[in-house]
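What follows is one structure encoded as structure tokens, with my remarks underneath.
When the chains are written out, they are named A, B and C in that same order, and each has its own residue count from 1.
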């Protein structure tokens, strides 16, 4: 197990470095480079621009700039927001929790539902349920999340009035119940894609497992079918799902951005868009890089979990 | 290592059978059509007896036994007809084929158990071997968890796994093929079944390990009176373990006899062809004997030849008879059975 | 014997049917995929030919008939706040969205194939570095990446297409790399090498043609994704800018009128869903058709 984890960690470090390079490349891809946002400020003269350029070290060779930027990143200095001058990392941090809360709630429910739909689909392969679940999953993956959110708001908030149309709290009421009330709609909207993906992957994994010899051995022992399915089949089928969970993170984050926009949820995604509209470059880049780092951390956690859960890796 | 076996059991002296299988037929559904895999097979087995089921791949030998335990794919993907009457430990005789789900689950592992060919893949890779054996015990025997694990340790020692107590937490990937098969055997005998089906248990193992496993099975059988249905395509193993032998071809029973009778004088040409294709020590160095392979190959169950299924590959084929009439299973005296139109015309072959 | 072995035993003998016919046959049996193709054909026809047949120009502003609901008047799908015919606008938007989808796919496939082919064929350090680059790119949530780039350039149909392509080539690269790695070991590839074929020849004339199946599947799914991505960024305001219509920015405009005129939001979203679903069905059908597995 140790060897596996060390290998994975090294790979992730390499990826982290590559991610930082890509982030830096995006920084410079914008025509005009990082000066763009300054150039757009009215009344900016050419010499002021040059002075800023020198201050930012933009006249130095590119690898030096990258190195400096990277070291600053590692030390926690992610720059300061153009809007209020606050440290970028701090601003992001204050919004991060809301996003994690949304993602966490949504993923928990969606994964649970998705797994059982997938298992049922695998057991009753080619039945009506399976067919509907498969088609339903494909359609669910094709629905634009923001559209689904709008439709949900229209039905449940505008027409039926039973769910709030946005925000995390009702002003004046900060109770837990109110909080949960506000979480329902965004979690479900965000979770649609997760349910669809997990049901398909789980079905596929179960089908692989159910035809294995050891399932037949379990039946031959006289184990009741439910025990065979849960203790033997699902136990094995869930292992690859851990890896799937890690691979789903970027999609989940993207979905979170859109969901936060529709439901005016005060998370990282909303912050990203707000900063974008203000051309607050440091915050935008900060979130971009942080999201990739979160994905890497998530994948590393998934790797660790997998190593622990699979005895073939845990012990030798 | 045994090279001479005393045939103590002949047809007349058999104890009342534990398992009586009557007219088992099994068909599989592929793209809508029902393809028959087993045609009307009947046999019985008594306590302490080893019945060998011999045939090439595709002869239906495994399917027959899976059908008995309701382990074939559920309808409509497969169809099973016939009866399998098992005299259980409580004295009641039940038909396994038509048993309800709860009943067959109570019987599997408890009254009749099965071990399989691939020990590599027949054990759950993410559960310890202790868990898997104890699971079998707790399903059928009224024991607490602690008792079950204690029993598991004893079983592991019984089947010859060293350091049994420490091995409880081992996982299948820690063990060699032979050890895994011992674990399978331990699991199979854990609830003291009356019958065990051994589906090619040694085929995937080295020859030396093979001998050990056969030895182990023999020992268990002597101690407990277990009846073993031994499925194999290896005639050497048959000579080693079998009291009686059944030969299957194309999903049908084509010959049945005691091991002694079969090896001395096979009646069905397929059986003699099988025997002739096995290299023997006393043939070494001799120039006048030829190792015969049976020409042709096993027919596709979906399109079997007319008449006798074996006729395209038979050295004694007579056109007009063998390709027209499907031979019935006839009794051939002394408790033997044979399915061949010409069995008493053909002389004894060696 | 294992279950699989028994069933393989029982498998009917195969008739000598052409591999390609079998694949087409399997595809046709996949009813959803066929429906998908029909739907895409329908959408393409509607969007590209439809506007020529409609009496209303999508730009024709008619304040008197603004916010007309669908199905009641001659404006089949209603009108928008400026009285423009909704159906006409949907068709014109469809031209843009579908074209971007296809074009982005083409670019992504070319880029992904080149990267994947080089990585898969040469392997070693080059292959490892390239694939790690692919992995690193995949760590970025696509929308974040697209928006970060799109916000700082002047958005137009071409630039948006390029950006979408730049963030979706990775999947294709993975597929191609995998294919190259396995195909490279096959006999015909070794033979070509022994015959003295240049690397470029082997890659493009021998190996890639054999990988066409999975590439086509990946490409189909890529179109679905591209259409979805365009709608996302246009909805957020950083994609196609009005007055050029796209399904995404139509939805953006419709947001504020959700209560008053929900059809303005429902139909564009429906159009996107139908288009993307159809491509997903086709991709799924293609995947099954090209997969030489026996058990069904």
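Brief remarks follow.
Going forward, a contact is a pair of C-beta atoms (placed from the backbone, for glycine too) under 8 Å apart; a residue touches a chain by one contact, two chains touch by 3 or more.
A quick note: this is a predicted structure, and the numbers were derived from the prediction, not measured.
Farthest from chain A in terms of Cα centroid separation is B. Of all chain pairs, the one linked by the largest number of contacting C-beta pairs is A-C. Between chain A and chain C, the centres computed from C-alpha atoms are 22 Å apart.
Centre-to-centre separation between chain A and chain B, using Cα means, comes to 54 Å.
Annotation for chain B: residues 116, 118, 121 touch two or more other chains.
Contacts with at least two other chains are made by residues 2-3 of chain C. Shared interface positions of chain A, i.e. residues touching 2 or more other chains, are given as 213, 216.
By the touch rule above, chain C contacts chain A in their complex via residues 2-4, 32, 132-133, 135-145, 147-149, 151-153, 224, 228, 231-232, 235-236, 238, 251, 254-255, 258-259, 262, 265-266, 268-269, 272-273, 276-277, 280-281, 284.
Listed in rising order, the residues of chain A touching chain C in the complex are 11, 14-15, 18-19, 21-22, 26, 29-31, 36, 135, 138-139, 141-148, 150-151, 153-154, 158, 211, 213, 216, 250-251, 253-254, 257-258, 261, 272-273, 276, 279, 284-285, 287-288, 291-292, 295-296. Within the complex formed with chain B, the chain A residues making contact are 212-214, 216-225, 231-232, 235-236, 239, 309-312, 315-316.
Every residue of chain B that touches chain A in the complex is listed here, in rising order: 69, 71, 101-102, 105-110, 113-114, 116, 118, 121-128, 135-136, 139-140, 171, 173-174, 184, 187.
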